[in-house]
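The same subunit A turns up in both complexes below, where it pairs with subunit B and then with subunit C.
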Partner chain A sequence: MRHSFWDHYSSLNSPVHNIPTGLKIIFALFLVILLTVLPGSYISFASLPILILLITMLIISKVPVANVIKRTLVILPLVLPVIVLNSIFMKAGLKHSLILSVRSFLSIFSLILLVSVTRFSDIMKTLSSWHFPRIMIMILSFMYRYFFLLTGEMEKMVRAVKMRSGGSRGFTLIRIYSQILAILFIKSYERAERVYHAMLMRGYDGNGGL
Partner chain B sequence: MHIPDGFLSLPVIISTTAVSASLLYPSIKKLDREIKPERIPLMGLSAAFVFTAQLLSFPVFGGTSVHLTGAVLISILLGPLSGFLITTSAVLLQAFLFQHGGLVTSGANVMNIAVIQSILGYYLFRVFPKRFYISGAFIASFSAVVVAAAVCAAELILSGTIPLKAGLIAMITSHLFAGLGEGFITVIILEMIRKLKPGLLHIKKI
Partner chain C sequence: MGSIEAKNISFTYPDGVEVFKNISFYINHHESVGIIGPNGAGKTTLLLALSGLVRSSGEILISKVIKSEKNINEIRKKISFVFQNPDDQLFMPHVEDDISFGLDKLGYSEKEIRSIVKESLRSAGLEGFELRSSHHLSLGQKKRVCLAAAFARSPEILLLDEPSNELDPAGRRELIRLIREFAGTKLVVSHDLDMIAEVCNTVLILNKNEIVASGSSEKILSDKKLMERNSLEVPYKYR
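Now for the complex of A and B:
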């Protein structure tokens, strides 16, 4: 099981990790909004200071820089088609797409930094104290706790199918994979029942917090 | 379909966020009033299911792959408002943990994925009489994906991110394929659940 793989570094201890959660959320939000509203001509000036700021915070926080850079690459499959489309069909398309890429790269960088230096449960607590709807917080917390488990179950089923099916492909494979998902939903439903009983047993009254 | 930060202009962000928030608020109020406590773990686990299911990529012809969005499926199983909230949570967590999507573009992503697919998709499904359960589910999930892609393209075009004609054509044609996949996968899952545990098709729909 790859528990906490994605925000593995959020439980480190550093000056950046110790900044109050609310402040970190607001700072990340501020940066992303800034990157969204700044006109294109300002982006080229603003991008360097922002990048330096982010990298400095990253170094202080002891989160490996290479890991973060690798994770920012997740936007490439989204940015590349846009660059291609723009370069072919728009005047000044290349410059336009470059600015666009800088905007989204820096935004994603700040988001990854936020996730890497803040525990998920702290974010939920902060949102909760900001009167974020309780039901959403509950769903998000359940998701966060159980998707590692469900992913593990799904991987087991996929591996079992691969071992036994001997290279089925095309529509057969789509059918088999869909059936795996059906089983996964049934298992999730049954797990939800068990979880609810366990919660009741521990004194859950339907309004409890986290 | 998950629009990252930096791809949308401020007016588009504000208007899509307004649409999403104005639908989210009454839905949360209504659900808070009407659901029983045991529904919360079910919604949480269903959200985790949607999240996990999106990670499974189906290898299809020519080395490409599709994955299930699951928005229409979960609305068919649990009802439109539950589906709406579940899909919204999935979109938010994906933006947050995996950076699929963005922070300030969340409103737009919630509109494309949760509002259009979970709510409109569900009501499209309901248009079909009970006899056409399966074909209704297929058509609803297919159209939900394609319409969502078209709206997503419109948002990007209005923001000046992609060119009008080419952008629209590229988004829609690439999602015709994803829509077909979504339709087939949804239908097979529903059939399988009907065979193994038919009771799950009759969970109270809210």
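Now for the complex of A and C:
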């Protein structure tokens, strides 16, 4: 089973893809920092040009715009409660909430654009060449590497449930899926143990010296 | 160099399940030994115990040195372990990172490491795979990368856990060729008895907590009654 939905479009060939990885990382981080520190009153002016710039880059890169926007919306479950609570309990809450939503949406958009036009391994290589702490690079690499494997295991279990659940619905199905999550946790733990064994056998001594 | 000696080693899981009890054997350097037995006989656990990844009782000597908590890192420098599932073993972003992992601890310089990576990939038939992501490789290629990583350490002892598992015939043949090329001591755990017959000159049968038989591959693997008693089959070579 192969998964590559994080950086599925990173192997396309376009002028945006061909920009050096370091420049792309700096640009994405610059936008995130800018969107974070810019006073609220400036956000309403700056957001539209930033959005146009990002969408233009997206179109040039040939990465489907709908795909990136859909993935950007994953922040909704995190932002929505803040918007609702802000609107209820704070003066000018709605305005603040909107500004916060714009900041979050554009920040995530720029980061998703970055991983859509850059191979994850290139990002890691560049961070490594910038002397980014090796332990952090290892953790990020592990997260990327094993996310696909765990997703694969989850898919296999879901398929098995579909084949054997006999069309169970409602509470029964919720119970089954919660058990699947528990099993996935145990499998992840066991895999972590085996990976650790493999690391030990190749000289890892647990002192951060990788 | 490269010998393995086990003296009365035992291992019991924390839940009380006894895997093996008072096992003793001696494996000479450059010997190629197959460990066979039914599922759950403790074959993999035995490899884990020999490499110090699980704590067993008794005494284990690797290259005549008694394995202990104090010298375990030194002992592991002599051993390469190829695990059953390559996804447990290939944890770095690129193939070259996986092969070079830990080589600095063996005292190699950056230049030497680059050359070792190149040479290991060449011998595994994976030239040009340096910058490939290991999770995008086929199972056969992943297994060969695991072997290349094991060879890169120039070990005295190679431990292999089900190396031919799930491989297609071509991948299996290639793997057997690579294993045969390794000149050091080999300990192979497998249910693929035809592969054991090709790769190993000695065989141990592990069953019901103990070694029930040991001897030359031909003698053990061709003994129909012995094999059937231990839920095994005589490989095609000896039928």
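In this text, the second predicted complex is superposed on the first by the 147 of 210 C-alpha atoms of A that agree within 3 Å, B and C clash if a C-alpha of one lies under 4 Å from a C-alpha of the other, contacts with A are read in each partner's own complex, and residues count from 1 in each chain.
Note that a residue touches a chain if its C-beta (ideal position, glycine included) is under 8 Å from a C-beta of that chain, and two chains touch if they have at least 3 such contacts.
Because the structure is predicted, anything quoted here is derived from the model rather than measured.
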{"item": "Which superposed partner A:F132 touches (first subunit B, second subunit C, both, neither)", "value": "neither"}
{"item": "First (subunit B), second (subunit C), both or neither touched by A:S121", "value": "second"}
{"item": "First (subunit B), second (subunit C), both or neither touched by A:Y189", "value": "first"}
{"item": "First, second, both or neither for A:F27, with subunit B first and subunit C second", "value": "neither"}
{"item": "Touched partner set for A:M201, first subunit B, second subunit C, both or neither", "value": "second"}
{"item": "Superposed model, subunit A: greater residue contact from subunit B or subunit C", "value": "B"}
{"item": "Which of subunit B and subunit C A:S141 touches, first, second, both or neither", "value": "both"}
{"item": "Interface residues of subunit A shared between complexes with subunit B and subunit C", "value": "120, 141-142, 144-146, 149, 191, 195, 199, 204-205"}
{"item": "Touching residues on subunit A, where the partner in the complex is subunit B", "value": "6-7, 28-29, 32-33, 35-37, 71-72, 74-75, 78-79, 81-82, 85-86, 88-90, 93, 96, 100-108, 111-112, 115, 120, 123, 133-136, 138-147, 149-151, 154, 158, 169-170, 173-175, 177-186, 188-189, 191-193, 195-196, 199, 204-206"}
{"item": "In the complex with subunit A, residue positions of subunit C that touch it", "value": "48, 51, 53, 73, 76-77, 79-81, 83, 85, 87-89, 91-94, 101-106, 131, 133-136, 149, 153"}
{"item": "Subunit A partner contacts - residues on subunit B that touch it in the complex", "value": "2, 4-10, 13, 28, 31-32, 36-38, 40-49, 51-53, 55-56, 58-61, 68, 77, 85-86, 88-90, 92-93, 95-100, 102-104, 156, 160-163, 165-167, 170, 181, 184-185, 188-189, 192-193, 196-197, 200"}
{"item": "Of subunit A, residues touching subunit C in the complex", "value": "2, 4, 120-121, 124-125, 141-142, 144-146, 148-149, 191, 194-195, 197-205, 209-210"}
